[in-house]
Amino acid sequence: MSVFYFVAFLSIFFALMTIFTKNPVHSVLYLVITFFTFTVHYILLNAQFLAVVNFIVYMGAIMVLFLFVLMLLNLNKDTEPLKSNLVKFMGVIAGMCLLVTLAASFRLLQISDPVVLKNPDIGLVSNLGKVLFSDFLLPFEISSILLLTAMVGAVLLAKNDPKKV
Amino acid sequence: MELAFVIEKVVLVTLIFVVTLVIAMYSTLAERKVAGFMQDRFGPDRAGPFGILQPLCDGGKFFFKEEIIPAGAHKSLFILGPTIAIITACIGSAVIPWGQSLTIGDRVIELQVTDVNIGVLYMFGVVALGVYGIMLGGWASNNKFSLMGAVRAASQSISYELAMGLALIALLMVTQTLSLKEIVEQQSGFVNWNIWVQPLGFLIFLVCAFAECNRVPFDLPECETELIGGYNLEYSSMKLGLYMFSEYINMFVSSALMATLYFGGYNFPFMYDLGLSQNWITIIGVIVFFAKIFAFIFFFMWIRWTLPRFRYDQLMNLGWKVLIPLAIANIVLTGVITIINDTFF
Amino acid sequence: MESELLSTPQDFVPILIQLIVAAGFGVGTIIITHLIGPKVRTENKLGAFESGVEVIGNARQPFSIKYFIVAILFVIFDIEVIFMYPWAVNFREFGLSGLIEMFVFMGLLLLGFIYIIKRKALEWD
């Protein structure tokens, strides 16, 4: 249990660091560490497949994409756009609204009964596969359409038509 | 978890770590010796007999050189880059089974740091993390050549990671387990080696391993003629040393992985027929395993002094338009053949 | 599933040990070399090395969008590959129906792949 609290503390700490640090590259790196602590959480819960998906997809793929985007942008200080006071003011209002909504929803929510897993090994890769390919087959197949859409969208956005240019 | 377990693992980890470092050090010497042999010259032969002290001299020199952090560089990331590179290179070996178990007194010691259920995926994840060290180092240097090298390296390694993952899936369809220990145990003897059922998969994996290690013919991130060194251009002293070290460690670990997955790991023919005791089987197994690893490392070097470098568009085309379709075809082929085998025979 | 095949969080403790040893080595060598190396700083030495040509601007400049396309396609295909692992380890158990299910999944993604190739999104000109 104490391990959980320690790792949870680390997750929250690095998540806050992600927000508060000024340098965007540092921010990405703190987010990577945050994801790493999530991986540790999953391992503690014996959800190995989730742990490894988090490790490979989030830490290994999505964050690399973030780094790429950061490096694509011009990160010199002089090109940093100055945010006007109006934008800051609107940001504060939006943030407060979110906070109020979250607080209200937490007040209304009831604490659910702790769920006891019938099978503690459900998180292992082979067991998860059995469930995924029987009970959740349709969502799985539909997810491939989602990925297809993402692929087409990415290519459409990033690649301009050679005929038009 | 008792204390003895922790101590055992710490000793084992340290031992493997030292062995890894020594092999990485002597790979540098071996590389120059192999180069010398192939080009009909001697290679380093001044420091000690046959130049055997050369890596120590090189290491010492790395330590005593001035370390320079360029004025325009991002200081903390500049230091973080090589550190991440060496850490990701070193943690990969945790799931590789080096041998069976040794029995000392009444204590059975497994010659594997840990046998996790997701060993193959763990290796895949560690490979994926290797990109960070190169990208951060190249970007933090604030040098156009470094940045080009880093971006090239990152694109190359993520492209070949896909083909590698697909090649592994075909292998898993045969083995039905993600634990490296079990994969090795399945391959006992000689005819059970996975290379015989997955030759195409092995070929794809081999090419990807070359690309992931940034070895010739995939060494575009650091080609001297265009990028004067690539992502590690601004590095000096031991930080450069760590980058080079991590490259050789990567080569060692991927050789070990290939031997484990496709060439039976520590298994050798007739290992249970010779009437040896368990400890002796283990010891011979470890020797055999390292012999296989060294054969792969030699192959890496052989290729380096034989093939020229790819052009960048050729490299990307090979990764995306040849290896990925081939790997998918390999999965389909493996699936269909296995199903036919299971149904009709 | 048999109890010997069970994997528990304890199995990952040795990996943590290895991580600590590796990090210790990396940080240690960097600190040692920082302490024992000579330090003679000159302006030329600290400038960026670009083959002797005078440096114009700095390196933090935008580069080709092609690399970005590669990165984003990598993320999508990586998710596909990850989805295939739980299938691959159960492949024999699923038999023919599992094979067909996966072929549908792969077929849809191959469609995307063909689209990418046809749009020449991966051409390096």
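As written, the chains take the letters A, B and C, and residue 1 is the first residue of each chain.
We adopt the following convention: contacts are C-beta pairs under 8 Å (C-beta built on N, C-alpha and C of every residue); 3 or more make two chains touch, one makes a residue touch a chain.
For clarity, every value in this text was computed on a predicted model and none was experimentally measured.
Trainee: Could you say which chain's mean Cα position falls nearest to the mean Cα position of the entire protein shown?
Mentor: The most central chain here turns out to be C.
Trainee: Please state whether A-C or B-C has more C-beta contact pairs across its interface.
Mentor: Pair with the higher count of C-beta contacts: B-C.
Trainee: Using CA atom averages as chain centres, what separation in Å is found between chain A and chain B?
Mentor: 30
Trainee: Could you state the distance in Å from the CA-based centre of chain B to that of chain C?
Mentor: Roughly 15 Å, centre to centre.
Trainee: Could you say which residues in chain B touch two or more other chains, in rising order?
Mentor: Each of 116-118, 121-122, 147, 151, 154, 158, 178 in chain B touches at least two other chains.
Trainee: Which chain C residues sit where two or more other chains touch them?
Mentor: 7, 12, 58, 60-61, 63, 67, 71, 74, 78, 82, 85, 89-90, 113
Trainee: Where in chain A do residues touch at least two different other chains?
Mentor: In chain A, the residues touching two or more other chains are 48-49, 56, 60-61, 64, 68, 71, 124-125.
Trainee: Okay, in this complex, where on chain C does chain B touch?
Mentor: My answer: residues 5, 7, 10-15, 17-19, 21-23, 25-27, 29-30, 32-34, 36-40, 43, 45-51, 58-61, 63, 67, 70-71, 74, 77-78, 81-82, 84-85, 88-92, 95-96, 99, 102-103, 106, 110, 113, 117, 122-125.
Trainee: Write out the stretch or stretches of chain B touching chain C in their complex.
Mentor: 1, 6, 9-10, 12-14, 17, 21, 62-72, 79, 82-83, 86-87, 90-91, 93-95, 113-118, 121-122, 141-148, 151, 154-155, 158-159, 161-162, 165-166, 169-170, 172-173, 176-178, 228, 233-234, 237-239, 241-242, 312-313, 316-317, 320-321, 324-325, 328, 331-332, 335-336, 338-339, 342-343
Trainee: Considering only the defined contacts, which chain C positions touch chain A in the complex?
Mentor: 1, 6-9, 12, 58, 60-63, 65, 67-69, 71-76, 78-80, 82-83, 85-87, 89-90, 93-94, 98, 101, 104-105, 108-109, 111-113, 115-116, 119-121
Trainee: Tell me, which parts of chain A touch chain C in their complex?
Mentor: 43-44, 46, 48-49, 53, 56-57, 60-62, 64-65, 68-69, 71-76, 121, 124-130, 132-133, 137, 140-141, 143-145, 147-148, 150-152, 154-155, 158-159, 162
Trainee: Considering the complex alone, what residue numbers of chain B touch chain A?
Mentor: Touching chain A from chain B are residues 74, 77, 80, 116-118, 121-122, 124-125, 128-129, 131-132, 135-136, 139, 147, 151, 154, 158, 178.
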